[in-house]
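Labels run A, B, C and D following the written order; every chain starts at residue 1.
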Amino acid sequence: MHSFKDDYSELGHERVLNDLLKISRKQLAGYGLDSVSAEARELIKDCFSLGKADIHFLTGGTQTNLVLVNAALSSIDAVIAADTSHILVHECGSIEHNGNKILTARNSGGKLLPSNIETIFNEHTDEHMVRPKLVYISQLTEKGTVYTKQELKDLFGICKKLGLYFYIDGARLGNALEADSADTKPEDMGKLCDAFYIGGTKNGSPLGEALCIINENLKNGFRYYLKQHGALLAKGGLIGSCFKTLFKDGLYFELAKHANKMAQKIAKALVEKNYELSTCSPANIIFPIVQNGKIKELQQYFNFLTYEKVDEKRTVIRLVCSWATTEEDTDKLIAML
Amino acid sequence: MHSFKDDYSELGHERVLNDLLKISRKQLAGYGLDSVSAEARELIKDCFSLGKADIHFLTGGTQTNLVLVNAALSSIDAVIAADTSHILVHECGSIEHNGNKILTARNSGGKLLPSNIETIFNEHTDEHMVRPKLVYISQLTEKGTVYTKQELKDLFGICKKLGLYFYIDGARLGNALEADSADTKPEDMGKLCDAFYIGGTKNGSPLGEALCIINENLKNGFRYYLKQHGALLAKGGLIGSCFKTLFKDGLYFELAKHANKMAQKIAKALVEKNYELSTCSPANIIFPIVQNGKIKELQQYFNFLTYEKVDEKRTVIRLVCSWATTEEDTDKLIAML
Amino acid sequence: MHSFKDDYSELGHERVLNDLLKISRKQLAGYGLDSVSAEARELIKDCFSLGKADIHFLTGGTQTNLVLVNAALSSIDAVIAADTSHILVHECGSIEHNGNKILTARNSGGKLLPSNIETIFNEHTDEHMVRPKLVYISQLTEKGTVYTKQELKDLFGICKKLGLYFYIDGARLGNALEADSADTKPEDMGKLCDAFYIGGTKNGSPLGEALCIINENLKNGFRYYLKQHGALLAKGGLIGSCFKTLFKDGLYFELAKHANKMAQKIAKALVEKNYELSTCSPANIIFPIVQNGKIKELQQYFNFLTYEKVDEKRTVIRLVCSWATTEEDTDKLIAML
Amino acid sequence: MHSFKDDYSELGHERVLNDLLKISRKQLAGYGLDSVSAEARELIKDCFSLGKADIHFLTGGTQTNLVLVNAALSSIDAVIAADTSHILVHECGSIEHNGNKILTARNSGGKLLPSNIETIFNEHTDEHMVRPKLVYISQLTEKGTVYTKQELKDLFGICKKLGLYFYIDGARLGNALEADSADTKPEDMGKLCDAFYIGGTKNGSPLGEALCIINENLKNGFRYYLKQHGALLAKGGLIGSCFKTLFKDGLYFELAKHANKMAQKIAKALVEKNYELSTCSPANIIFPIVQNGKIKELQQYFNFLTYEKVDEKRTVIRLVCSWATTEEDTDKLIAML
C-alpha cells in the first residue's frame, strides 16, 4: 500500500547514503567541526549567496525551531505565528516548554500577513503582556502555498520596522523554491530574513536541516544552545555529508522538483475530474475535497491524511508526494480517483 | 595523524551503513513507529532480557539524558551525580536549563558510592532545598572504570530504599560489558536500574542511543517529552536500522571488545615501559601519566586529550580506542612511547 | 480625581492594617508556619467548609496562578482557558515561561463552556501536540459575569470525566459570591473544583491570596514550589494576619458586598439614562458603552479604562468599584453621566 | 521562649506599620507606579548616591535573586557563587528551575575570592560547558562576615575584566554597613557592583527588598520579568511605604545597628566566658561553639539553630539578633551561658 501521507517515509536518496559509506572509517572532528561539514557549508553558501552567514546542521525541524527561538528570545519575548503554524500546533509545546509564548493570527491560505504582525505588535503595550520579538513563517506553508518574493519582502520590512526577527522554517524550502509559480531564488533567501533553514529530512536526506543565520545578533553563542538542547551531534559529519551530497551537483533541487511534479500531476488530474482543491498549492502537497465514500475506497489502496471536514458528505484530504514517489504510484492513484 | 581523542571520530561500521542503503526507498512509518525500529527493539529486548521495557531511540547522549531526566523529574526534584559526571560538566547545563539542580558528591575513581547518595539525601530535609529524586551514573565511568555487578546492586538498593530513580548512562555500555574484569551481563541490566541507555554513537553507529525504560512510572507520556525536545526523529527508522544491524548478530559486542582490546594493548605496553596509569581502566579509555616533553613529541603524530596536570613535569593524558582503531594505529603509538 | 480603574488602588482596610500593628513585635515562626496563619486557615476552612484542604497564602494573583499551575502540570501538559483569561493575556507569559502552553477557546460573555473543553481535549490526540491537563476559569470573570453553581458543576463534571484538573482563579471571588444573582455559597466551593483561591488583594487586604487545594494529587510538595518561585514569604504571618482579620467576623463579605452595591448603583443609573451595557455584570465591574465625547468629559474628573471600540462614535469603558469606593464617589460619577 | 533563630520573626517596626495605616484609603497607582514608592526610591537614591539607578521593590530575597538572575542571564549563562550561598542551597533550586547552572567555589569564611572567579572562568572554555556570566555574593555573608570595601572592589574588578556581572545580595546589607569593622558606606555601593538589593524583610519591614540596578544592560525590560515571575505587586505602594519609613529619617540604619549591638554583646560575653566562635562575625549573626549538654540546656529557654557538628562533644550554633531583640532577651541568654 503506497503512502501519500507525508514526504519523510523513504529513508534517503541512494547517493546520500552511498556517500556516507565512503567515509565510514575516515576520522572526522566531532560536533560539526569536521571537514565534510565545512565543505557542505561552502556548497550551501555558494548556492544561496550566504557569504557571512553561520550555518549549523541539526537533526530535525522541531529541534531547529526550538534552538533558534531559544537562542533568539529571552523569556519575556514572544513569537508571532499563523494559527496553522507547525511550531504552534505540532511540536508538542516545545517553544512554550522553553519559556516563550506564541501569539497567533488567523492564517490567510496558510500565510501570515504584515497587517497581522502590526496588529499583534500594537496590542502588546506594557509589562502585563509579553513582548513580541520574532516572526515565524514556513515556506512552503502548512497549506502547501508559497509566499511570493514580494510577500517575503513585505514581512521582513515590517519586522525590521518593529524591531522583530524574521525567521523562515524551510522544512519544505526546496519544494517552495521549485514550485512553478515561485519567483524567489535560492540566492534571494539571505536578503529576505534574519534566519532560515533548508530542510533535508523532507527532501532526500535520512535526517538533517541546515540552519542559516544571517543576522549577527543571532550568531553569538549559538553552539552553546545547540549543545544545551542535545542538538550538537557528536558525529556532525553525518548530516554534513548528507548536505554535501544534496548540494554538490543540484540533487536537492532535482528531488524537490520531482516531488512537486508528481503532486501537480495528481492536482491536474483532480481538476480534470472535477474535484475541488481547498487551497491552490503549487508544490508537493495538495488538498483535494473528496466525497467520504470515495475516501474509504482510496484508503483501501493508499495511505493519506484526512485533513478537515467540509460538510456531512465531503472532507479535505492531504496528499503529499516525495522525492521517491514514482510515476507509477501517481498513475495508480489517478486511475482510482 | 591518527586520533586517540575519542571513540566517535569514525562515522560508522560498514554493515550499519550498508543496511541503511538497503532500505533507502522503502516506505516506513514516521517517528519511530516503523517496522525496522520494531525489529531493533525486539533484538535488544532479547539480548538484554527486557521483556516489558519501553525502548526509545534518540540521536545522542546529551539528548537522552536530558529527555529522561525531564520526563522523570518535576521542577522541585534534583539529580544526584558524581562531580566528574558528563551530565554535570559536559552537557552545557542542559539539566539545569530544563529546571533541575544537580547535587554532587566527590567521585571515587569516577564512581558514585551508596554512602554519597545517603549523605546528600539526608541533607535535604525541607522545602528550602530541592528534593533529591534521581541518581545518575555512567557505565563506563568518565574515568574508564567499571562498576561491578555488586556495586550496581548496592546503588540500586539504596535508591529503592530512599525512593529515588536509578538511571545509568550507557554511552560506553558495550565497553563496560566487554571489559575483561566485567561481571555484569547484558541480561542483568534490566534488574539493576530503573532506566539505562545503550550507546550507539560511540560503538559503530553514525548516531543513536537506545533508551530502555524499565520502571513503569517513567514510561507514561514519554513520546511527548521526546517530541517536545525535538528528539523524535521523523525518520526514526534511521536509528532503528542502525541498532538492528548492531544487535542482529552480535556486532555491538564485537566492536566494543575490539576497542577494549586495542586500549588494553596500549595499557599493557605502558606498564611494561614503566608508565604510571592514573586510574585502572579495563576498557577502551586509559589515562597514562606522561612526561610533558614526551607529550609534545606524541602530539606530532597523534591526537589525544591532556586531562589533568600531575605536577610541573607530568600530565595525565587520555587515550581512547574505538571500534575502528587498528592494530597498526596502536602499534605505531606503542612504538613511540 | 477619583479612580474607577480598578479595585486595588486603596491599600487596605483599617481593621486589617490595625491588626498588623498589634502583632508588630510578636515573634512568629517563619514561612507561613506561624500561629496567626494557622488561625486564618481555620477561619477560612470553617467559612468555606474545607475540612481537609491545604491552604497556602501567596502575595498576588499572578504568583498564585503560576505556582499552582507549575505544581500541577508537567512540561508536556497544557492549560485550557478562555481567550479573555487573565492568565493568558495579562500575566506576561508566566505560564509559558514556566513551560506550559495555554490552549484557548473563544469566551461566551467571559465564560468558558464545557463544550469548549471537550472540543480542545478531542483535538489533542497524540504526542505531536501537548496534553490538556488543567482547566482555568476565573470567578468573577474578566467581563464581570458570574458562573452559576450549575455551570461550575458542569465544568467540574467534564473535567473529572476527561481527567483534567479544574482550577478557579478567585481574584474577585468575594464579589462573585456576593453578587445579587449568585447562587453559589462559600461552602459550595470545595465541591466545585480541585483548587481555587480567595482573593485578598482586590478585597480589602494590602496583599495576599489564599490558595485552597482540595484535590490530594495537587498537595504533594507544594511548599517546595512556593519556595522555588520566591512565593514563600519569610514573614508569612503578614498575609495570615490579613486573612484572619478579613474572615474573623465577615469583613471579607461585607467589603465585597459594598463594592458590588456601588457598581450596581452606577449600572442602574446608566440603564435609567439609556446607556447600553456591553455585558450584564452583577458584581463590582461594569462595562457601559459610552459616546467618545462623553468619555473625554468623564476623563477630566475620573480615571477608568477604555476597554474596546464599538464603532467610530462609541467605546466600551470599564468601571470598577472597590471596598473603599464611597457613595459620594459614585454619586459624583452618576451626576456626570 | 525567646527565639534567636533568625531576624525575621518579628513582623515589623511600629513606625513602618503605622505609616501603612495612614495611607489606608488613599488611591495609589498600581504595580509600583505610585507616588509613595516614588518617594521611597528618591530617599534610597539620596542615601546610596544612586543617581541613575533603577530601583524595584520586591517581596523577598529569593524572589529578588531569581528575577535579577533571570533577567540578566540567557539559558547558556551561569552564576558563580560560594558553596555556602543562599542562592545555591536555600532557595529550592529557583535559579536552576529558571534555567541557569550555579558554579561553586569553596568559601573562605563565607566569602568568595577573586581567584575563585578566575579559576572557574578559565575552566569554562567551550560550548560543552556553560558560560559564566554573573557573580553572586551576599553582604553580610551566610557566615556573618563582612566583605571589606577593598574586597568588593577587587571582586568587581575581576568581574569587569572578565565580562561578568557582579551582584550583591543585601538581605542583611544594613547589618553589614553598620558592623563596627565596616569600611563601606551606603554611598559606595553603587560603585562596587552592577546591582544589589537592600534587604527590608530582615531589618524592620514586614516584607520587601529594594533592588538597585546600576548597570544599564540590566535595566531593559525588567518590569516584564517582575510581572512574569508574579513579583509585581498590585499594591506596590505597600512595599514603597515600608521603605519610605525606613529611609526617611535613618530608621533603617538605627535598626541594623541595634541588632548588631545585641549580637556583639552576646559575642563579647561568650569570649569572656571562654567560648570559641567558629567565625569572627562583626554583625548580628554569631556562631559560637557550644558543648552539646549546654545546647540542650539552652534549648529549654531559647530557640536557635544548631549549625554544624564540631566533634562528638561540641556543635556550632547560630544566634541571630534582630531590630526587635531587647537588652532583656540578650541578658537572659548571657546569664544562661
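Heads up, the rule we're going with is that contacts are C-beta pairs under 8 Å (C-beta built on N, C-alpha and C of every residue); 3 or more make two chains touch, one makes a residue touch a chain.
Quantities reported herein were computed from a predicted structural model and do not represent experimental measurements.
Undergrad: So using the touch definition from the top, which pair is joined by more C-beta contacts, C-D or A-C?
TA: Between the chain pairs C-D and A-C, C-D carries more contacts.
Undergrad: So which chain is the furthest away from chain D, centre to centre on CA atoms?
TA: It is A.
Undergrad: Need the CA-centroid distance for the pair chain B / chain C, whole Å please.
TA: 50
Undergrad: Go ahead and note the Å separation of the Cα centroids belonging to chain A and chain C.
TA: About 42 Å, centre to centre.
Undergrad: Could you put a whole-Å number on the gap between the CA centroids of chain C and chain D?
TA: Distance between chain centres, rounded to whole Å: 33 Å.
Undergrad: Got the chain B residues that touch at least 2 other chains?
TA: 75-76, 91-93, 97-99, 127-128, 130, 224, 227-228, 232
Undergrad: Would you tell me which residues of chain A are touching chain B in their complex?
TA: 2-3, 6, 8-14, 17-18, 20-21, 23-30, 58-67, 91-94, 97, 201-202, 206-207, 224, 227-235, 237-238, 241, 324
Undergrad: Touching residues of chain B toward chain C in the complex: what are they?
TA: 70-71, 74-76, 98-99, 127-128, 130-131, 221, 223-228, 232
Undergrad: For chain D, which residues are in contact with chain B within the complex?
TA: Listed in rising order, the residues are 75-76, 78, 89-93, 96-101, 127-130.
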